[in-house]
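After this come two complexes, each holding chain A, first together with chain B and then together with chain C.
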Partner chain A sequence: MDLFAQILVNGVLLGGLYAVMALGLALVWGVLNIVNLAHGAFIMLGAYLSWHLYTYLGIDPFLGLPITAILMFCLGYAVQRGLLNLIVRAPMFNTLLITFGLEVVLTYLAQIAFSADFRTINPSYAGAHISLGPLVIPLARLMAFGVAIVLTVGMWVFLLRTRLGRAIRATAQNLVAARLYGVEPRHLYAMTFGIGIGLAGAAGGLYGTVSQINPYIGATLTAKSFAIAIIGGLENPLGVIVGGLVLGIIESLTVAYVGATFGDVASFGVLVLVLIVRPSGILGKTA
Partner chain B sequence: MSKTLTRLGCALLGAALAVYTLPAFAKDIVLGASVQLTGSSANTGRYYRDAYEFAIDKINEKGGVKVGDKQEKLALKLYDNQSNVNLSVRQYVQLVSQDKVDLLLGPFASNFALADSAISEKYKIPMVQGGGASDQIFSRGFKYIFGTLAPASNYFGSTVEMLTKLDPKPSKVALLYADDAFDVSVAKGTRPLLKKAGLTIAMDERYTSNASDFNSLLSQIKNANVDAVLVAGHETEILNFIRQAKSLAVAPKMYSFTVGVPSADFRKALGKDADYAFGMTAWLPSPKLKDKWFGDAEQFAKAYKAKFGYDPDYHAASGVADVEAVVEAIEAAGSTDHEKVRDAIAKLNFPSLYGTIAFAENGQIDLAQTVIQVQDEKLVPVYDANGFVEKPKYPMPAWNAR
Partner chain C sequence: MRASDKAGEALLAVTDLSAGYGGMPVLRDVSLEVRHGEILALVGSNGAGKTTLLRALSRMIASDGGIRFAGRDLAPMTPDEVFGAGLVQVPEGRQLFDRMTVEDNLLMGAYRRADQASVRGDLERMYALFPRLGERRRQLAGSMSGGEQQMCAMARGLMAKPQLLMIDEMSLGLAPVIVEQLMEVLATIRTEGVTVLLVEQDIHLALSGADRGYVMETGAIVHGGDAKALIDDPAVRKAYLGL
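Take a look at the complex of A and B:
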């Protein structure tokens, strides 16, 4: 019983981390209709950024998250403004191609710049834990989970309540009407992509604190984020939390009770199931 | 706007390509290889590139290879397989059929050597490889593949022997391994060793290569109250395993890993948390290992560090031994004829900085694994064929008592 509870806790915390990773991808996909295959590569860059801030400037990875996010936001804004806006209304296939290309370029530039050495962001509390009776809760993961909740709820409030958030939603729903009301789509697209990449950067900082960083972590993170975005649905940031939790818990239980090679089988199995039963995601509207 | 972008894109592409293509020299004896310079295995792949280049430069500097009565120079034709097995197979075909290299050196990792050795066999051109240890590579009756890594099935051999001599003696063992050719071979070889030593296998779990989350497995290890954990996997997985063991406060009496521990980069990434981890290596930079070109292993290690900026581990030494084996065989055969060189390789028996190079009937070398442990962030040999070398730090204390 203790084991089951512990596995469940592990799954929930893993799900939190997954949710932060997928948050930016879901936003960009939902609003711009761009499936950003370079999302994982941006997470990787965010992780390196946090690592540099921590290693050379001694900035705590959690306190450094806003810095990482802001710098990554600027990068994202520039990439959308200079590159992706050229193809934003082109067929989906073109956006897939260009973001895939971006993924490759970022990954190899990262290897040239940072080498293939493994890095870890290892503050004193990275291995600390809280004991709750027989349960052990890793502190860094708990903090990452907290950040996930704050960011997701923050995103939700931002999209519903602020002027910019409303403009983003309006553009996603009806571009022509939004333009009639004075929305400048090029700037708005770049803002949205910037926010998405800023979130990816923050996710990278968290990932580096609980796992390890090398230039090649991007592709698998993109695949995970993609699955979570589909499972949770794109309409509502809260869906991403649900998607992340579902995936985290299912993976943990499968690894423990079915076999350690079946984690991915289970998570992508759920993905297929969701696509069949609720194509717009668990929290999405049913058609 | 779009023109500037195109130019920028081209510049970036050009820069990326410039890094890929390595110069090939039209010199006398060309050795061909495809290794992982980019992609997920780039971290270990570089050992082979650096080792091959270092050995070839050194041998050329000392006069080159004596073929009959002529002295000839060596050259290297190297491709980056981007950590992609299919690409590496195509590159070996290209090396043999288009570049017409004289002899082949190997890639890193068992799954690569397993696939690429089919090419050397098909074209009947000898390949000496120091990157694949899986027994599978050498169990197919192939005649043109030779390996300088000790058999995977015996990686944990010396470790299991040591387990029976530790006090308090561990009884329950967990065996975790990744689902690739090398690690499956390790697990297959370790099970009978554990049974023979009278140890109970409390957990026997295969996991997906590149897994990043070990929380479930670690919770099971804690729950099963395992004394010793043996993990056969890749460096990234083992980094995650150790970090997550700490954050879940899982501290068995000992844990040991097939890779990572001998590598300086791995220990640096973990810092103090690498302490107490056991591993194994078939090579240590000892002055006792004499070498015709480098003097001895200790001098080699110093020169290597000075040249590349990081410490060599057994991968690098094994790569150098491959080049030396090819050179010795060409000199013995007096030609670069594939058949003659193959037969000469099979008969080799010479001392090198890596150990005595002599291949068994199946093409694989046999070297004893020395058990090593990280103690105070330094690598310490703990147990070898003659028993304990230095005192192992055992049992491992709880994480909060370190």
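Take a look at the complex of A and C:
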């Protein structure tokens, strides 16, 4: 029983991190209708950025997250303005091609710049943990989970309550009406993509505190983010939390009880199941 | 009041405007003017080019010819700039943000306004003008009846503080009692200085509520003048009113 509880805790902590990884992908997908295959590569860049800030400037990975997020936001804004605005609203195939190309380029640039060696961000509290009865909760993972929840809920409040958030939702729902009411789409798309990439950067920084980083982690993270976005639905950031938790818990359980190699099988099995039973996501409305 | 100072002067002047889709001409040398503080009806049957004209005015499609609005040339502007200049459209089919609340829809109307501080007060003014919207402010716009959605679309347009509000097919698919309410609202907002361009297939309705009118047919203006005179014009009566 204790073991099961511990696995559940691990799954929940992992799920929070997964949620923030998927948040930016879901936002960009929902508003721009671009499935950004380079999303995981941006997470990877965020992780390296955080690693450099910590290793060379001594900035704590958690305190450095805002810096990582802001720099990645700027990169995202520029990529959308200079590249992706060319293909926004183009057929899905074009957007897949161009973002896949971007993923390949970013991965190999990272390999040239950072080498293929594994890196870890190891602050002094990396090995620390909190004991709750029989349960062991690693401090870094708990902090990453906390930041992930704050970011996701913050995103939800931003979309619901702010002027820019409202315009982003409006543009996702009805582009023609949004343009008629004064939304300048190229800027709005770039802001949206920037926010998505900023979140990816923050997710990367968190990932670096709990896991090893190398230039090739992007593709898997894209696939997981994609699964979470589908499980949670694109309408509501809180759905992404649900999707992240579902995936995190299922992966932890599968790894513990079936075998480490079956983790991804279970995740994507759930994805297929959700697509069959509730194509609009767990929290999504049924048509 | 500002509007009455300029009453009778042209707010919008369109000269020899032509436009179309993919090389297919739809509008042919359309000229018309909308004067400060009036309700102008632009009427014509389905396919006459009314909506195309509005799209050209909003710069959603390209066109040839002159468009002057409040002393400015609209031709080189983008849709968001036209909107910023005070020319606001309530589109056909309403085009609400269906999965957003009524209040969020109205706030989107005020998206570009510089005076964000006074937006709250204007929301309350809209709820006074359309009490039904006040009751449903937290409801998703797409879940309301057609009449309520039209009210929401008009209130969203008014939240932009337009100089000229262009309403495309306001009465389409709505019950006569609702249409009557909406016409009363137009009379009210006109007293507050908003000029109205009402685009309608229901020729009798539009002309009886307007000061002046234009009749459009296959992409060109064929009649124009005082609204009451147009209703009595034998040619208009014969062609459109079935009388």
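Just a few scattered comments:
Convention: the second predicted complex is superposed on the first by the 287 of 287 C-alpha atoms of A that agree within 3 Å, B and C clash if a C-alpha of one lies under 4 Å from a C-alpha of the other, contacts with A are read in each partner's own complex, and residues count from 1 in each chain.
The rule we apply is simple: a contact is a pair of C-beta atoms (placed from the backbone, for glycine too) under 8 Å apart; a residue touches a chain by one contact, two chains touch by 3 or more.
Not measured: the values here are computed from a predicted model.
Of the two partner chains placed around the shared chain by superposition, chain C is the only one that A:Arg163 touches, whereas chain B remains out of contact. By the touch criterion defined above, A:Thr55 lies against neither chain B nor chain C after alignment on the C-alpha atoms of chain A.
Shared-chain residue A:Ala256: touches chain B; no touch with chain C.
When the shared chain is aligned, chain C comes close enough to touch A:Glu235, but chain B does not. Look at A:Asn33: by the touch rule set out above, it reaches neither chain B nor chain C.
When the two complexes are superposed, the chain touching more residues of chain A, out of chain B and chain C, is B.
In the superposed model, A:Val183 makes contact with chain C only, not with chain B. Shared contact residues on chain A (touching chain B in one structure, chain C in the other): none found.
The residues of chain C lying in touch with chain A in their complex are 58, 60, 78-80, 83-84, 88-89, 91, 95-100, 104, 107-109, 111-112, 116, 156, 160. Within the complex formed with chain B, the chain A residues making contact are 2-3, 6-7, 10, 13-14, 82-83, 86, 105, 108-109, 111-112, 116-120, 122, 126-129, 131, 136, 138-141, 210-212, 214-216, 220, 251-253, 255-256, 259-261, 263-264. Residues 1-2, 5, 12-13, 15-16, 19, 38-40, 42-43, 46, 83, 176, 179, 205-208, 210-213, 215-217, 219-220, 223, 235-236, 239-240, 243-244, 246-249, 265-266, 268-271, 273, 399 of chain B touch chain A in their complex. Within the complex formed with chain C, the chain A residues making contact are 163, 166-167, 169-170, 173-174, 176-184, 235.
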